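Next up, some structures in structure tokens.
Here subunit A shows up in two complexes: once beside subunit B, once beside subunit C.
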Partner chain A sequence: MSSDTQTQHDVQEILRLGQQRMARVMPDTDWQSATRKRGTAGVATMARPDRKQEAWRYTPLGFLDQAEFQPIVEGPFDALQLSDIDDLMLTDPPRIRLVFVNGYLASGLCAMAKSADGVTLSSLAGGLGEVPAMLRQQLDAIAEHNHVFAALNSALMSDGALIHLAAGVHLDGPIEILHVSVGLEQPGICHPRHLIVLEDGARAEVIERYCGLGDGAYFTNALIEVSLGSDSELLHQRMQEESPHAQHLSDLQVHLGARSLYRLTLAALGGAWSRNDVRVTFGGEGATAELDGLMLARDRQFNDVHLDVRHEVPHCTSRETFKGILDGSGRVVFDGHIVVARDAQKTDAVLSNRNLMLARSAEVDTKPQLEIYADDVKCSHGTTVGELDPDMLFYLRSRGIPADQAKQMLCQGFAQEVFDTMASQALRARAGQLLASRLLTSTPEQGER
Partner chain B sequence: MMLSIKNLKAQVEGKEIIKGLDLQVGPGEVHAIMGPNGSGKSTLAHILAGRDGYDVTDGEILFEGRSLIGLAPEERASRGIFLAFQYPVELPGVNNTHFLKEALNAQRKARGEPELDSVAFLKLIREKLAMVSMSPELLKRPVNAGFSGGEKKRNEILQMALLEPRLAILDETDSGLDIDALKTVSDGVNALRSPDRSVILVTHYQRLLDYIQPDFVHVLAGGRIVRSGDKGLAKELEAKGYGWLSGQDEAA
Partner chain C sequence: MSSTSKQVDALVERGYEHGFVTDIETDVIPPGLDEDVIRFISQRKQEPEWVLEYRLKAFRHWLGMTPPVWSSVHYPQIDFQAISYFAAPTKKPVLESLDQVDPELLRTYEKLGIPLEEQKALSGVAVDAVFDSVSVATTFRKNLADAGVIFCSISEAAREHPELLREYLGSVVPHTDNFYAALNAAVFTDGTFVYIPRGVRCPMELSTYFRINAQNTGQFERTLIVAEEGSHVSYLEGCTAPQRDENQLHAAVVELVAMQDAQIKYSTVQNWYPGDAQGKGGIYNFVTKRGDCRGARSKISWTQVETGSAITWKYPSCLLRGDDSVGEFYSVAVTKGHQQADTGTKMIHLGRNTRSTIVSKGISAGDGQQAYRGLVRMAQRAENARNHTQCDSLLIGDRCAAHTFPYIEVKNPTAKVEHEATTSKIGDDQLFYCRSRGLSEEDAVSLIVNGFCKEIFNELPMEFAVEAQKLLAISLEGAVG
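After this line comes the complex of A and B, so read on.
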């Protein structure tokens, strides 16, 4: 089999084409060159993941062989107007909205409230003015290249939000990072790169969304770095609502200072193929990470979440609560890895993964792993895979609710527990509506079985 | 007749539980069905509500002159049958208000009546809440999730008050209730008594019948009604236990 060489070639090709185009179009950004070099070196040395690697064992990458992804550097998307993305807007406008189209900032679509003292917003490609030194220094400070796609992002990072809150600054209202992808003639690949830095005692809410406009084919390869200072607090709400033909890979890397609080809600609802890697590193004592997520895999959808939570210091708490809803031939992969280092005494970690199977043809691969080297810790994990509870269904039907509607209400309820962890009511509502509409459109497929 | 059951035989998982049962319930009547544990009382209640896995093998069940056999639970509900559960089911993530509104509107739709909008619904549900002395806070929570035993039963009676069934079947509604909750729940049921609404009370104990006075009392044992009478029969059962009916002493 020559698939290894061939596929490695694919990733190299993405890099080569990307670099070619970038040389022509990107502004001079010396301060990024170290990151890009590191990324290029990473791509050169790392093989494309395959099933022999534990972390990629259940993640099919065949789509890379089928499409020749073109780098997106310029395109017709400059012409997008606010009215074009009306349907994507949250009902309750955020304080600040940064819109990226096919990976690039679209200034005309952004909503910039008068910025508060101590809040710095910038963008990687300079669309919001020169990038301040403190943000330049923080870029790539914590990113690890755990796989070739992360390295590819560093090498080719297109644009992205750079957010900095000075010590003690509390920003009311969310900052929304809205990605809009428009299908192009040739499937494109873009590499958004975001950075969120909260200094000591700062507090913020960030909404990060990836949306497809229409049903185009494209590949989003994002990397997000989050660095939280001591006693800071970040509410991070992420929603993946990509087009049904899109591939989406997000690598989220979070570093927590002492006594900081990081709350993540991930709703991965769209895309043909989706993988979310979340790495959380505890760098100071007394910090808490609450990670909640919902993965939807309808017919032919693949949805993968990999957690890597590293308890490296004592007295930290983490909660990982992830749920999957599967229908048709949908597939979910959940890999929840928690490491408690020898010194990380008094760690408190609870990992759970519950999956709701609406069809027997769906498949879930779930792997909770606790790797514990300390001896005084409280850690547990639980996994369930089940169908809708017949008692619950009968209860609803006995009240006059038809069977199909009852099923849908129970699925919504199952997901709602995750959505309810979102601070933004508008996002919660959107997640609920999106899920409802997707579950509804899958009903005919269900009926055939 | 509101409900007419003739020679009903039914199985659960291949085992015959109801073995030739006859029961006639007229409009506006309250019937209590009593009996020892395992006599088939709850099975009968679930058969009437249309639960899967309860197979009717013989006999007929006519509700307002039409057969219920083969109808889906939701169709029975829309025709006016309501089962108050012995163990109301918790529905995590399903908001109680949303559930109540969907239930009412599904029934109205099935009957060809206009659905209620949110404003009209909230006005209606507030009236009903007062009837069962239930905290409005419970409307904002997921259905029955984390409710106390009493709150769950009140929520059942709230649903009954809202859906206004023609035939209400209360399955061991008194179980697990303290006197105050029992009184509130009974008041709710009594308030709903009307000449065109019938009630079947399934209960093990006579206690509930102090609060909701039945017109008829039946004793179910071994899958059949073995004795019928007025509320005096309940008193007799209270004094003697169930053993004397089948000629044995009640062991417990």
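After this line comes the complex of A and C, so read on.
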């Protein structure tokens, strides 16, 4: 019942082209070959997702038929100057910054302040020197191929940041991973692959950003593995500000050790089509995950977040707060799946999804799910969909604030709860500005009430 | 309802059984399903030609379908050729007195508070001839006829009200709707037709107790209720007493049509055989229920208490087409032992200012598996539509499971949708409080659970609500401690 051979073909075609070029350009690094093989095998066995598959029920993949995505195999963008990406920089740039251009490390743009002992930074393609054994072993350790694109990433992974913190190391200040995509003549596809490993008791802050330079069309297919040891702590801030014609798919897979703390803030603001899969697995007791996210969809933007939180062990806590803002003919899809395994007693999970619809032609499809196999648990989820409170609008307008601005203020306030969970002040400010500017530029519809 | 009228109800049902069983005993056909079987059914039911055509069309469509597999219920594959599609229910031997009845069953009746005469009726004991059930039934029938209400079996409707049946049969649940609805459309043998004329308020609660062809649990039951403009009807289905049935698969279809300003209230209490301790042999209850609010300001309300069956798989739904129409769904589902339930509702908001309320309470004990699965869809035209959904699950025991899968699709910004769900076990502090006041553990659990379900019981017709509360307490006996 899956798609016919012709539609299946495009994913296979991406794989074939990618492998062809990779063979020419990249020397096969032995330690990656197992991952690539597993990915190739996965692509061969997995069909392209379609609406019949529950996890892709609301996710349209029509764009795959419209463009032939060419593999981007090398980064011919060493020519890119720091000044070119000035607009993309945070006001208070982190002292450690890894910049990837079209999926490949651009060493000229990176900032590498001396970090504490026990912090290892490396890049998948070897741009920062030989990849240490401990990172090699961890690659692909927790990645699951939940869909064909994850397998595609494993088969064709281009480059990415590999971060390792030894036990007990506390990192001062954030590490920034900045992706810059430049549209090519032919829409390209790249497969960034990141790995973040925190050993027991380590603490770090990571900022991960995906930006577009110009408004080219391209497809980012990222996979991020995060492994947290016991008592470790990671503040993970992700911002998707891709170009308005880009497709962005990222699959974040997190494994939590005992008593670890994982805090994720996701701001998905850009792209024509965006899907973020987040899978968090509790592997040790007493761990906590706090996941917050904001999805913006305006003017035919499609913005999709799929959460899969797996409470496999007792005494873990998770909090999920995701908000959607819809304008124009934007569409938001939210799927929040929480599973509490048998015997994962004393689980405490609260999920909330709230959506603000500003326009007639927008659409929200939301599906919070609880799957519970243990009895001594506290789980709940709540969802709302609605428009701006007319009383609030009236209040602001009665104080002389124009309708557009009032609307924007209220949206800003709605989003602030999510942005406030970002540890980085500079990132918070940027998220706020981006949201404001995007809300302003969206065309008000005729006949709006 | 007073106990006398309960006795009457039981007797009405009982009395009918007598006349009916002998009548159809000769009609048993061997297992298997093909067009000849369908022709046979149609012929025995003396149906008009178009009904046969309808059945055949459904059957041909069904042949091209595969059983759905998306639910979270698990059961061995059903062999549809191993089912006899027109078998008279096995005639129960008439017993001399209650002494011959399974004492376990009697204890259950006792706890439910079922009056003695009714107990006899339910367990198949001969009853005093003083209660002339036939005349009682006739009285009811006369009352209904005076009001202009048509209340008869679906086969009778096919013969006597063909024009009405033809207009509405399959108009809410088409034969193409799903696998089991198609099967039902092909082979339905039993069921009820209710027609409430314009402006009429049905003078009594219609219940399958009263039904004129009281063969209670048809395997492929088909119910059709049409409420014309401004009319009002309340329909009760099922029974709190344990129902045993030889047929394992039940694939019923219920269609409700509410015209402008009409109101239909449909209440179900289901307590079919859940199977033995290992979950073997229980009923599979796969039902398609849908109501169509066709006119402005119409209202359809579903209330269900599901405690029986090995598998309950149904989603009573409302299609809110008329402006200002209202849909409601109130549900209590209990799963224990190895019972499974996948139930919920669909509220499809098409008209302006449509409103829907969903309150679902799931109680899972032992190895019970339970899922709420629901859809709320706000179409683009559904201006100012409103939905509130609340799904709560109560877990008793560490082997049970409770899931919530709500789907929410909104295409209109003025629509407001709220969904909330919680899952928890009975609070130790609540239990402790009750125990410290001298309640036994079982009574305490019963008290807490009944409080948990109160919102739903309030929606049931009074006499059902009382029985449902007791039923719940019995269902959960031994689940704690």
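In the analysis below, the second predicted complex is superposed on the first by the 436 of 449 C-alpha atoms of A that agree within 3 Å, B and C clash if a C-alpha of one lies under 4 Å from a C-alpha of the other, contacts with A are read in each partner's own complex, and residues count from 1 in each chain.
Keep in mind that, in the parts below, a contact is a pair of C-beta atoms (placed from the backbone, for glycine too) under 8 Å apart; a residue touches a chain by one contact, two chains touch by 3 or more.
Keep in mind that this is a model prediction, so the values were computed, not measured.
Asker: Where does A:V364 make contact in the superposed view: on subunit B (first), on subunit C (second), on both, or on neither?
Answerer: second
Asker: Is A:P402 touching the first partner subunit B, the second partner subunit C, both, or neither of them?
Answerer: A:P402: touches subunit B, not subunit C.
Asker: Could you say whether A:T383 touches subunit B, subunit C, both of them, or neither, answering first, second, both or neither?
Answerer: A:T383 contacts subunit C only, not subunit B.
Asker: Contacts for A:N355 in the overlay, against subunit B (first) and subunit C (second): which applies, first, second, both or neither?
Answerer: It touches subunit C, and subunit B stays clear.
Asker: Per the contact definition in the header, classify A:A55: touching subunit B only (first), subunit C only (second), both, or neither.
Answerer: A:A55: touches no partner chain.
Asker: Based on the superposed arrangement, let me know which partner A:M134 touches: subunit B (first), subunit C (second), both, or neither?
Answerer: neither
Asker: In the superposed model, does subunit B or subunit C contact more residues of subunit A?
Answerer: Of subunit B and subunit C, the partner in contact with more residues of subunit A is C.
Asker: Looking at A:I372 after the superposition, I want to know if it touches subunit B, subunit C, both of them or none. Which is it: first, second, both, neither?
Answerer: The answer is second: A:I372 touches subunit C but not subunit B.
Asker: Is there a shared patch on subunit A that both subunit B and subunit C touch, and which residues make it up?
Answerer: Of subunit A, no residue contacts subunit B in one complex and subunit C in the other.
Asker: Using the touch rule from the top, collect the residues of subunit B that touch subunit A in their complex.
Answerer: 49-52, 72-74, 76-78, 82-83, 85, 88-89, 91-95, 98-99, 102-104, 106-107, 110, 142, 159, 163
Asker: Flag every residue of subunit A that touches subunit B in the complex, lowest number first.
Answerer: Residues 389-392, 394-403, 405-406, 409-410, 412-417, 420.
Asker: Okay, in this complex, where on subunit A does subunit C touch?
Answerer: Per the touch definition, subunit A meets subunit C at residues 54, 326, 342-343, 345, 355, 357-387, 449.
Asker: Quick one: which bits of subunit C touch subunit A in the complex? Just the residue numbers, please.
Answerer: 70, 378, 380, 393, 395-425
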